[in-house]
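Naming follows writing order (A, B, C, D and E), and every chain is counted from residue 1.
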C-alpha cells in the first residue's frame, strides 16, 4: 500500500520504515504504538531497511509515511535538499563506550583500536563526545559496520574499544566476562542528545498535521506506558527482538528504562535539538558551514503536550 | 560414467572429494573449535529448520524478482541481438557498448541503483537485468548470426523459400545456442538477484543472511549459504537437462 | 540448336538408351565473374547434357566444377549466356533438378527418415505421406534399419547414401552431384559407386557428376567433360564406350586404364601447374 | 633371423636391394585390447618389416592399421607379444622411428621452417643448427619458398610435404606413415606419391605405410600386408614385383591392375561386411 | 549429481560473436565505417544527453546532471579522497588477483590434464562458477574477520574458479594429435608442455585471465559494499548515506572506468598475442 501523496487528513493507512534490518530493543515501543493504531482503525505496515538513508529514501518516495533514522542522517539529508522533517525524538542514545579493563576513562584510549559504524554515524558522534574532554588521546579509528560485528571483533581481539548498544554490551559480558567495562555512558552524560528521530515528508507535515499528530500521540502514549510496567516491556522485547531470551530481555528493559531513552514528552525541546546540532557540528560529522538550522529540519509543534511518565 | 565406476567401484571422485571436504570441516570444527566454524550437524539442523520452519518462504520475493528480471532481460537482449544479427552496421555500432557493459563490475552499480530507486522491487529487477543482459545478448547475437550456409543452400536447392529456410534450417540450427543463452541468463540473473538482495539486506535471501549475521547465528548463516548454493545448483542442473534434451541429436 | 562443342566429335558411341538424344540441360556461352574478383571463373562455357546420360566433369581444383553445377541448378545466375532445361530458362532452383552435395548437408536435428522426407515436406506433402515415400527410398539405398537414427550416429558412407536418397525423393529429372564420395575412404567409395550405378540403371535419370577421381569418372560416366581452369572452359569431352552394366572388375581392364590415362594426360599440365608453389 | 610369418611364402622376388634382408622391425604374437572394449583390436599379430623395404598395409576401416603403427612406434604398448627393432625392445617412442600422421599435425604457431626444426629442437639441437637442417629438408621437398610462412597459409598438399620433411628431419631408420595422403585430392595425391618414391629412393629407409588406396599401396610398396578385422590379423602378404623406379604411367599397365585386383579380392568380403548395416 | 564432463558457461560469457564472413568488397568498407561511427556517437550522445537533460530539469537530489557529476571528479581527486580510496581498494586486487591467477592456472592445468584431479575437482569448480559467490561473503567475514585477508580471500573466491575452469578448457581443447606428434618425436613431458600445450592454449589462457580480472574487480568491490566499507565501495556507501548525489555518481563512474579500462587493456594484449601467433603480423 503505497501512498505517493499522503494528502488527506482522514488517511486510514500508515506505513512505517525502520532504519534497521531486524527489530531492536529501542524500537519495541514504536512497534507496539503501531500495533495500537490498528485498534483505532488505521492499517499499519512496517518495513525494515539496512540503514537510515534507506528509510529516508522510502519516505521520500512515498513508500512509507513515517520513518526512523539517526538524527545525523536526517539532518544531512535535509541539508542536501531532501524534503523531510523530523517530528519527534524516537529515542535517546542507548549506547555505552566499552573498553578493556585496563582503560579507566576515554583518555586512556590513545593508540588503541576503536571501532566505528561508519564515518557518519552515531558511534562516531558518541566517540567524539566521549573524547571531547581528552583532546590529547588519539585512538586509531577503524570502521566496522554493525554493532554485533564490532563486538565480535572485540572478542576476537581485533578491536580494543567501541561504542556499543545495550544488547551488545550484554553479549560482550557473557562471551568475554571481566575483560571489558563501560567507561562512558552516553545517555547519562548527555541528557539532551537525540539519537534517533521520527521523520516524515515536509508535505505530510504541512498538509496533514492531524494525521501526524495522531501517530505521534500514539507513540507518546506507548512510551509513557513503558515506564509503568517493566515486566511487560521485557516480555515485549523477548517476543519481538530476535535471539533475546527472557533474562536478557529483562536486563535490556531495565537498562533502557534507567537511561530513559524513550521520551514520553517527545524529547524535542529546542534545547535538545540545539544540543544535538552542536554535537554534530563540533564532532565534525556534518561540516559546520552548511548545517541546517532547527527550523529547517525539525517541527516540534505536532507533539501532544502534557503526556508525561 | 562406466569407466568411472570401474576405477572407483561404488564411489565417484567428485562425491568423494566433496565428502572429504565436509569431513575435514567437521574434524576441524570438533578439534580446533574455531569460533567461526560451526559443527556440521549444527549446520544441517539449521538447514532442516530453515526448510521446515517456512523461513524459506522469503525466497518467494526472490523468485518474483528473478522472473521479472529475466523477462526484461530476455526482451532487451532479444531486441539487441535481433538488431545486431540483422545488420553489420547495427552490430558494429552496438557491440562496443554491449561488450563494454560486460566488463563493468555490475555489483558496484547497486548503491547507485538504490540511491535512484530505493530498496524496492525496481532496484532489484534492474540489478538482475544489469547482470544478465549483456552475456545473453552476446550469446543470442552469435546464435542468430551463425548461418549454416551449406544447410541453407541445401534447402534452397530443394526450392525452399526464405520463410521455409528460416523455419526448417535457421531456427533449429539456432535453437541450441538460444537455449544456452537462456541458461546463461538464468545463472547470471540468480547472481544479480542474490547480489541485490544481499546488498539491500532486507528482502529474500538478503533478509535471511542479514538476520543471521546480525544475530550472530553462525550455524544458521552457514545453513543459508548452503541452501543458496544448493538452490542455484538445482536450477543449473535443471537448465542443463533441458538443454541436453533439446540437443539430443548431437550425440 | 547448336552443335556440341566437344572436340571429340558429336555423340560418342556410348550414347545412352534415351529417346532420340534430346538435350536435358544446355549451357550456352555462359560466363560468370564473382564479385570482388578480376578474372571470370567461367568464361564462354558451352555444354549440352543429353537426356538420360551420365555425364562426369573433371578438372583441377578451382577450375569451376562446383560453380558449373551451381549454375546448372540455378543457385547462381550467369553474367552472360543462357542456361536452359528443355524449354525452361533456369533462373532459380527447382525440384526438377536434385543436388547432391559433397558434404552430406543432412539436418542434424532430423532423424534419417525425416531428412529424406524434407524435400517432400518443402514441396507440400503431408508428413505421413512424405515419410512413407522416404521409407521406400531408404529401402532402396539399404538404409531402412537406420531410419530412426540421427545423422551423427551414422558413418560417412551411410550419410552419403541418405544424401542420395534425399535427392531422389523429389524424383528429379536431372541429378547434379558434386564430389559426393570424396570424403569417403577408397573402399566405401567403390561400394557406393556400384550402388549408384544400380540405382541409376533403374530409371536412367540424367546425371551431371563432378569428381576429382579419374577412375570414378570413367567407371560411372557415358561421357567425361574435362574442364580447364582460369577461366573455366571445356577442354575436351571424352566418350566412355565401356559396356553396361559395369562391375568393379572392369577397373582392372586395359581399356578402362587407357581411358583413365587419357584423362590424366588431359589434365596433367593443369594439375602440375597448380601444384607449383 | 626367423622366417617371415607371411602365408604368401618367404621373401617375394621384390626384396629390396638392402643387405642380406635383416629385419628392421618385428612384431611377434602382438595382442592389444583397448580398455572398455571386449574384443581385442589386434590379436596374435606377427609381422616382420625388412630393412630398407617399403611395406604397405591395407585393410578395411577399423581393422587396426593405425593401432599397428602406433604399436610399432611405441605410442601404445601391447598386452601380449613382443615388438623389437633389431636388438631394441620397443616400449616407447624413439627418434629412430619417424611418424607421419594423416592429419598433418603441424604446430599452427610455428613457421614452416620451425615446424620442420621442431623435432631437432626437441632432441636438443641449437636453434640455428636446427633451422639450417630444416631448410635443407625443405629444399628437398620443394618447399624452400614457403619456409617463412605459417601452416594456415599453405594448401593441404604442401602441409603434407612439410609433415614428411619433419619426419625426415630426425633421420629415422624407420618411417611410419598413416594414410598421409588420404585428405588430399586425387591429383595432388598422385603427385606426392611420385615425390615420396623419389625421396625414398635416395637412401631407402625402411617404410611402413598404411593406406586405404589399393593403387597407392601397389604403386609404392615392395610388399603389401593385407589386414583382416575383428580381431586385426595378417590375412596375406602380397609381394609387388614391379620394377623401380616407377612412374605414374605404370598404373595403367595390366600387371599393376592385376595386383590391385588381387588386393581387392582379398579385402572385398571384409569391406562389404563392414558396409552392411 | 551429474558428471562434470561438460564445461558450460565457461567461455560462454565472453563469447564474442563470430566475425562476419570475409567481405568481398573491401572498397565499400569505408562508407559503413563512417556510418558505424555516426551511430556509435549518436547512441552515446542520446544517452549522455538524456542524462544531462533529466538531471538538469527534474533530477532533484537523486539524479545530478552529467555535468555536475563530471565536475565532481576533479574535486574528488584534488580533495585527496579518490587516490587513497583507489589505492586501498586496489591493494586487495593487487594481492588477490595474482594469487588467483597463479593458483587458478595451476589448478586448471592439473584438472585439464590429469583425469583423477578432473574427476575430483571439476564438478566443484563448475559449481563455484554458477553459484552467487556473494552469498559466501558473510561466511568469509565470520571466518577471517573484517580484515585485509578477508578482502583478498573474497577476490580469490570470485576470480579463481573462472580462471581455473577456463584454463582447464584451454589445455583441453587442443588437438590430441599434436601431443601425440610431439611424443612421437621423443618429447619429454616438460617439452610437451612448453612446446605444444602452452603455446596452443595461450590465447585461451589469456581469455581466462581477462575474465578472471573482471571477476576480481567485482570481488574487490563486493566486500567493500557488504562488510568492510573501505576504499571505493566505502566511498559509495558514504556518499549514498549522506545523499551526496554527484559524488556517488562520480565514484561509480570511476569504478566503471577502472573495470572497463583494465579489461580492455588485457583484451588488447590478448588480441595482439593471437595475431602474432597466427602469423598475421604484417
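In this text, a residue touches a chain if its C-beta (ideal position, glycine included) is under 8 Å from a C-beta of that chain, and two chains touch if they have at least 3 such contacts.
What you are looking at is a predicted structure, and each value in this text was computed from that prediction instead of being measured.
Q: Determine which two chains are connected by the greatest number of contacting C-beta pairs.
A: B-E
Q: Compare the CA centroid of chain E with every other chain's and tell me the farthest one.
A: Most remote chain from chain E, centroid-wise, comes out as C.
Q: Compare the CA centroid of chain D with every other chain's and tell me the farthest one.
A: Measuring from the centre of chain D, the most distant chain centre belongs to A.
Q: In whole angstrom, how far does the Cα centroid of chain B sit from the Cα centroid of chain D?
A: One centre to the other, that is 52 Å.
Q: Indicate the whole-number Å distance between the mean C-alpha point of chain A and the mean C-alpha point of chain C.
A: 89
Q: For chain C and chain D, what's the span in angstrom between their mean Cα positions?
A: Centre separation, chain C to chain D: 34 Å.
Q: Which integer distance in Å separates the CA centroid of chain A from that of chain E?
A: Between these chains, centre-to-centre, one finds 41 Å.
Q: Give me the residues of chain B that touch two or more other chains.
A: 114-115, 213
Q: In chain E, what residues contact two or more other chains?
A: Residue numbers touching two or more other chains: 141-142, 237, 240, 245.
Q: Provide the list of chain C residues touching at least two other chains, using ranges where the numbers run on.
A: none
Q: Using the touch definition up top, name the residues of chain B that touch chain E in the complex.
A: Contacts found on chain B: 1, 4, 12-18, 34, 36-37, 84, 88-97, 99-100, 102-112, 114-116, 135, 138-139, 141-142, 145-146, 180, 183-184, 187-188, 190-191, 194-195, 198-199, 205, 209, 212-213, 218, 221-222, 224-225, 228-229, 232-233, 236-237, 240, 243.
Q: Going by the contact rule at the top, pick out the chain B residues touching chain A in the complex.
A: 35, 114-115, 118-120, 200-202, 207, 210-211, 213-217
Q: Which chain E residues qualify as touching chain D in the complex?
A: The contact residues of chain E facing chain D are 175, 177-178, 180-187, 191, 195-196, 199-200, 202, 277-279.
Q: Considering the complex alone, what residue numbers of chain B touch chain C?
A: It comes out as residues 150-151, 153-160, 164, 168-169, 172-173, 175, 248-251.
Q: Spell out the residues on chain A that touch chain B in their complex, using ranges where they run on.
A: Chain A reaches chain B through residues 21-22, 47-50, 54, 57-58, 61, 63, 146, 148-149, 152, 155-156, 171, 242-243.
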